[in-house]
Amino acid sequence: MTEEIIIAGFGGQGILSMGKILAYSGIMQEQEVSWMPSYGPEMRGGTANVTVIISDEPISSPIINKFDSAILLNQQSVDKFEKSVKPGGMLFYDGNGISRHPEREDISVYRIDAAEEASKMESSRIFNMIILGGFLKIKPLVKFDNVVKGLAESLPGRHHSLIPLNEKAIRRGMEIVKAVHEV
Amino acid sequence: MKGNEAIAEAAIRAGADAYFGYPITPQSEVLEYLMAEKPHERTGMVVLQAESEIAAINMVYGGAACGRKVFTSSSSPGISLKQEGLSYIAGAELPCLVVNVVRGGPGLGTIQPAQSDYFQATRGGGHGDYRVIVLAPYSVQEMADFVGMGFDLAFKYRNPAMILTDGALGQMMEKVLLKEQQPRMTEYPEWATTGKGTDREKNVITSLDLDSAGQEKFNRKIQDKYRQMKEEEVRFEVTECEDAEYLIVAYGTSARICQKSVQLARDKGIKAGLFRPVTLFPFPEKPLREMAEKVKGVLSVEMSAGQMVEDVLLAVNGRIKVGHYGRMGGILPTADEIVEALENKFAKK
Amino acid sequence: MDKTIVKAGNLVYRRTPVMNDNVMHYCPGCGHGTVHRLIAEVIEEMDIQSETIGIAPVGCSVLIYNYLEIDMQEAAHGRAPALATAAKRLMPEKYVFTYQGDGDLAAIGTAETIHAANRGEDISVFFINNGIYGMTGGQMAPTTLPGMVSSTSPYGRDIKMMGNPLKITELVARLPGAYFVTRQAVHTPSSVRKAKKAIRRAFENQTHKKGLSLVEIVSNCNSGWKMTPVEANKWMVDNMFPFYPPGDIKLNGKLVNKEKE
């Protein structure tokens, strides 16, 4: 099994850390992983994307241009990466701020309205965990226990008190993800 | 662990005595990681943020002259600034390790990964007839492993060693197995400037010889070292080359992408193999020549306008057709593009 | 020489064993030889020959390591304080000094000088200021006086066109990491004695770990200035001293006279 994933959106949405948690979760279950960011000079507000590969075998190239799953969290990302999903693959997106929705017929499309949900839960910082929950519900690549371990591994010690809130957000994401179109 | 962090941690564990650096994207994590780790508490290692890349390489020079294991890291524009110091260090026959996390140039260029410093790294880089041992990792694991190897080679030859990597490997995270902590040195080489005891002559570390005959003699001596490196230190790796009809030559990040290209090409029925130089100086000239004799064509793939391809051409020496495929300015080639280039160049006939 | 001729009671001077018999390449009348000797004598008197590492500059004194019997490193132009920083940090128990000219310390190496001082590196910096690039043939230096003739200011230093001479010693004195800053000369027996005291103090300060010591020696370059040694020393007193007045600038971490420019 090899799963090639791209996560893309605005800097500050927690794109890189979501990828990191996913990668660490893979390590927790003894899989090979790679985490390859595309970085810009901005710290916040610019575009950010990260490629995460989780595999049972050694990873050949960590740099890829076709993906099994794409998690696209702003309009630019949908525009840029919708076409990069392999036929039969999956696209996840947040409807917030999207005017041109994904259109491809040959892939499965799921919507996770995480921004809205995060504001209901009164914490914009768990946005990315709601997305991660929605993704893992459809694509159970890593076990929930291992995600929690991955969280602990990738968060600095001073933030460990936030783990229960993050867990709650992941579970909420699993509840709210809905299929738009399935192949 | 990120590639840059792996280098920093591996250096602490290799028993490095000091690191001197200056921030520049995409390698600042090396200095950041070292500062956060407090290596002065772990091993007594000295870490200092210098006022410039020039000061940093000259601190490396001073530390190396004391016989210590010292290193620095930077990215392309900063490495250009370090070239004067590197030339002095090579001219004074001192060991040190330099990490270049390459970004696209020329000038300020881009902060995205590139391989356009190949000429600078493998031809010496600064003024004078000297070479630097150049190691090219292609995974985060090798980023860590080559630190200890770089120090060992630097001390074996009393010559600078360089890890030539790029922003992709520096920023990428992969699993990495780190070596156990090695103790720092307690005894130093006999040439080190540690204070002239009554039991020995004074030690002078210098690259100056105003007598031309003496300077030529010195040059012959260091050329002998480079010849010995070519004999003893060549490292490379081959993948799927047993029955290959076409050879892709690539190092570092490009080699990683080309692994995928080899699979894609074979899926299409093109028998491709990958030859990956691990040491760029000394370049694996002989093994590549032998390998090239069995194939129909060689494609050199680099994130540059074509620099390593010159070494490939020298190795193959006109026996078969050599092509180049490269992307520049911080753009990574895709695995598909490379297969297409291979087809266009050789297979479509 | 038959050593028996000199009886212990009659010995008034001998060469310190920290120097050797190599014939110096300096021009007659140059201050470098005197300063080399003072440094060597202080090293002998403090009994720190085996604990001292010197850093040589690029310039006339590039070959200082041919004359001193201590371990030395030859730096790239201007970078001696960077080498010294590393040597001292890796061997904090040793005595580390740099020996630099005005082009080396105050032009190409300004950043290294300022930052080593500002970090408070526990090193001694000996700075020979003769207002000219001696080794390369008498070009204008950062310390060349207004109106002073050099091979690259053949009609005299024109401040409007070529900028002002730099009082880097005063600049360094104002940095919190500098502990002892003084300006001396070696043109008369009394000035030599004073300069030696300053050099000794600069070495001794390394045991206090309180910061950098800088001893500037205003000197002549009779060849570059195109004068006889005697004329050059007189010219130095008449012209260099008013602009670069000898005396202590910072003692024990405190500026001696805050009003002094």
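For reference, chains read A, B and C in written order, and residue numbers begin at 1 within each chain.
Just so it is clear, contacts are C-beta pairs under 8 Å (C-beta built on N, C-alpha and C of every residue); 3 or more make two chains touch, one makes a residue touch a chain.
Please read all numbers here as calculations on a predicted model, not as lab measurements.
Trainee: Can you name the chain that lies farthest from chain B, using the mean of each chain's Cα atoms as its centre?
Mentor: It is C.
Trainee: Closest chain to the protein's overall Cα mean, using per-chain Cα means, please.
Mentor: B
Trainee: How many angstrom lie between the centres of chain B and chain C, each centre taken as the mean Cα position?
Mentor: 40
Trainee: Taking each chain's centre as its mean C-alpha position, how far apart are chain A and chain B in Å?
Mentor: Each chain reduced to its C-alpha mean, chain A and chain B end up 34 Å apart.
Trainee: Using mean CA coordinates as chain centres, what's the gap between chain A and chain C in Å?
Mentor: Roughly 63 Å, centre to centre.
Trainee: Per the contact definition, I'd like the list of chain A residues that touch chain B in the complex.
Mentor: Interface residues on the chain A side: 20, 23, 27, 32-37, 39-41, 59-65.
Trainee: Of all residues in chain C, which touch chain B in the complex?
Mentor: Against chain B, chain C makes touches at 49-53, 55-56, 62-63, 65, 68-76, 79, 82-87, 89-91, 94, 111-112, 114-115.
Trainee: Sort out for me which residues of chain B touch chain A in the complex.
Mentor: So the residues of chain B in touch with chain A come to 25-26, 111, 167-168, 171-175, 253, 256-260, 263, 332, 334-336.
Trainee: Show which residues of chain B lie in contact with chain C when the two form their complex.
Mentor: Residues in contact with chain C: 17-18, 20, 46, 48, 50-52, 54-56, 58-63, 65-66, 68, 70, 84-85, 88, 92, 193-198, 202-208.
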